[in-house]
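Worksheet: one structure, shown below.
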């Protein structure tokens, strides 16, 4: 007989084993699903998970896809550790794209060396501003952060659509809702010729490392960790919850804003209404999959980027509809959340327990 | 040893090319929506299927649906190239710059971009003369309205939609001097709920014939519920509202897909800006309601015949815009290039074009 | 603008607000028990597709609604097991449910795109519908709208006047105390979650059987999220939820109506309005800290594990 018993301490081991277990279970689910669809499951999983990493071009593209996911997820990881339920990375990303684009377009064909730095700075600042308002509303008026950030996502989206239909619209673009192409001076440098691997990817990896350093090596990070795991203790120790909240939220806003501006000055090269296919929401999954750990977020962001690319490839090579990929991702998340149960609990055999 | 492996390599390559010669000609499609959207992407997919059927196994098609009009598009197009597709149709305006970039990278592949304005040696564009259908719609609506008010559900204020609104008004005015045109912008190409709201808002304001530039059959259903009439958009939507339905203007992409693929296979393809209308069988009047009054039906067919034969060109001067300025001088018919830049309402439409 | 026109607009506002009302009524019960479910969009899409499928295959609209309710329940059970029994994070689980439901509904419904059904027809209520103006606004709807009226009254009664309502409140305010006086906290929360799922299922059926009788991928277009805001907007009061739903309905058609009067303000800025308004209301209702404590279920979003009880 087996029995479930609560652990006195969350299991460190299970924290890392749980995602692997979840992935394994998802793969089994995938096999059943693809078999039911009359697709060869091994081939399907190969296309979904291996092909995206199979050659240089694909790896480059995977990194391009990973960049915004990682930037957003690093910020969210810190927020969630500090119990700030920020669902607003999407809006902060769009704000970053919008603010950055406005500056990039203002530079026009100028060859100023300041063009790119100022564009990036504008993106970061816009992201910060977009997360500052809900943070202020929460701390000052006690508004529910989850809901305000969701509202701000919508507001950012409509603001962006308004801008590409109005002030930022390409005057020579036949009235279509998109901006002019940015000049080369405001575009992120490409790191590997012949690919789309841009400077933003390096920045995203750097941000994860820096966040990890802050979290594990600084007093500020220590406060975030204590605050997240034991709020009364943190308050008792005299940590200011306000200061921490501001810190994590503004950092998350800055990183999401950077993600937005890197998209428009990197792979896209102009402001379009569909800057983000929901990166800010997917980043929530990445943050959890990465165990709210900045370095874990790197692996998780790569995994999700692979899965998205695999989804397109599965359509091209095996004619599997996108709906199936969505289900696959949802199920993966379910399994992950379920497996986390074993971080806090364990199975015990009754005869041992009663002995 | 080296020689051996070299020979082996050459042999392999020969084998591969020979195998390819046996293979069907590959054609790829990139869709912005799901093929199940019943609208824009759905009709392109119908065209794809019809084309594949026409070539009886000589052509194999692949499609990718739900492709975001951001950084993903370029990757998906590239992957279609890598999968061996020789012609790639990108079927949404937002894919324009991604298609331009891909065309530059892969000079040996033919690209065709729907509704865009950027072309290259291996990149052509194609678009429908939807204004022809609108003119006929306007004629039918002008004859059928009892309140002298036509409602038009706009998607986004881009030249195609502005042009179509003008054509609708001119068609209606040609048969009904007292006609009024009410325009509501739904700000979406596709959202059945929102389109229903827009239809109701128009009917609340006295419109009793609806014309829509959005894709779902929802406005037709809304019109039928309130005893109004409506014209189907993009596909044959008669079955959704048999009483309200006047006719549908069907987008019929197959002739263009067949022609283009044939030309590429024959080596006669050349990049061009192609405008297809009723004359090319790329627009069709589908399911004209048998219950229409005889004179209305006769007028519809007469107008259709005049447009088909080229006798009637809706944008023929003198045309004044709604500020009173002459925009098309007497005796001149707008060229395709001029049509692409229409950004004015004709005299008689009292609204302003929004941002 | 004459009175008939205004009556017509209000009639439309009720129709537009009804799906929001259904979801919000379900969600408010769920939140009152202390559980925040962000999976509405996924549950609603599943309700819409299964409702359509059932109605299409059997030709029976009522059966479609029941099937949608059942589907909503099943979807919410996945959520329930994860957050209640396995202690998973409610925000993440809700999002997962939305992602899963969006994919699954598209998959299940792919063969039913382009199929048509008759849909519900409006049934004017005798006598009541002939009241000037009010009759037009309130009593010329279809069955599901009337059902939403009944459900609102019923839920208002249950939450305010019955023992069940008290139990629900106790669980949401202080699960430990509720547990101590013998209330089965997890059971109450399961039932609340399932109720939320069923109501969201009906909202989906309303979309695919009444509002636009057809199935198309992603046809709910974000309404689940708006309903979530609505609950906060109404500060967890059932009566205010009804009012708020119609206000939101009005707001979302208002920018279409105003255009007809020649307003030239950007449609995108107008479309932004409901969201901005919600933020404002949230600030106003939550600014008063004393009130906030009275209104928001105190254990909202926090897990409860009886085994951790000392």
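Worth a mention:
When the chains are written out, they are named A, B and C in that same order, and each has its own residue count from 1.
Operating definition for what follows: a contact is a pair of C-beta atoms (placed from the backbone, for glycine too) under 8 Å apart; a residue touches a chain by one contact, two chains touch by 3 or more.
Bear in mind that the values here come from a model prediction, so they are computed numbers and not experimental data.
Number of steps on the shortest path from chain B to chain C, with steps defined by chain touch: 1.
More C-beta pairs touch across one of A-C and A-B than the other; that pair is A-C. In terms of their C-alpha centroids, the spacing between chain A and chain B amounts to 36 Å.
Averaged Cα coordinates give chain A a centre that lies 28 Å from the centre of chain C.
Contact of a single residue of chain B with at least two other chains is seen at positions 34, 187, 355. Among the residues of chain A, those touching two or more other chains are numbered 161-162, 165-166, 321-323. Chain C has residues 106, 110, 217, 266, 268, 271 in contact with two or more other chains. Residue ranges on chain A touching chain C, taken from their complex, read 6, 85, 87, 137, 141-144, 146-148, 150-152, 154-155, 158-159, 161-162, 165-166, 281, 284-285, 288, 321-331, 333-334, 337-338, 340-341, 344-345. Taken together, the chain C residues at the contact with chain B in this complex read 5, 8-9, 12, 15-16, 19, 106, 109-110, 113-114, 116, 119, 122, 207, 211-214, 216-221, 223, 252-253, 256-257, 259-260, 262, 264-268, 271.
Interface residues of chain B, counted against chain A in their complex, comprise 28, 34, 62-72, 74-76, 78-80, 82-83, 93-94, 97, 117, 156-159, 162, 187, 340-341, 343, 355.
Only residues 57, 61, 64-65, 161-162, 165-166, 174-178, 181, 196, 263, 266-270, 272-277, 309, 312-313, 315-317, 319, 321-323 of chain A touch chain B when the two sit together in their complex. Contacts from chain B toward chain C in the complex involve residues 34, 36-38, 42, 182-188, 190-198, 200-202, 204-205, 216-218, 221-222, 225, 239-240, 350-352, 354-355.
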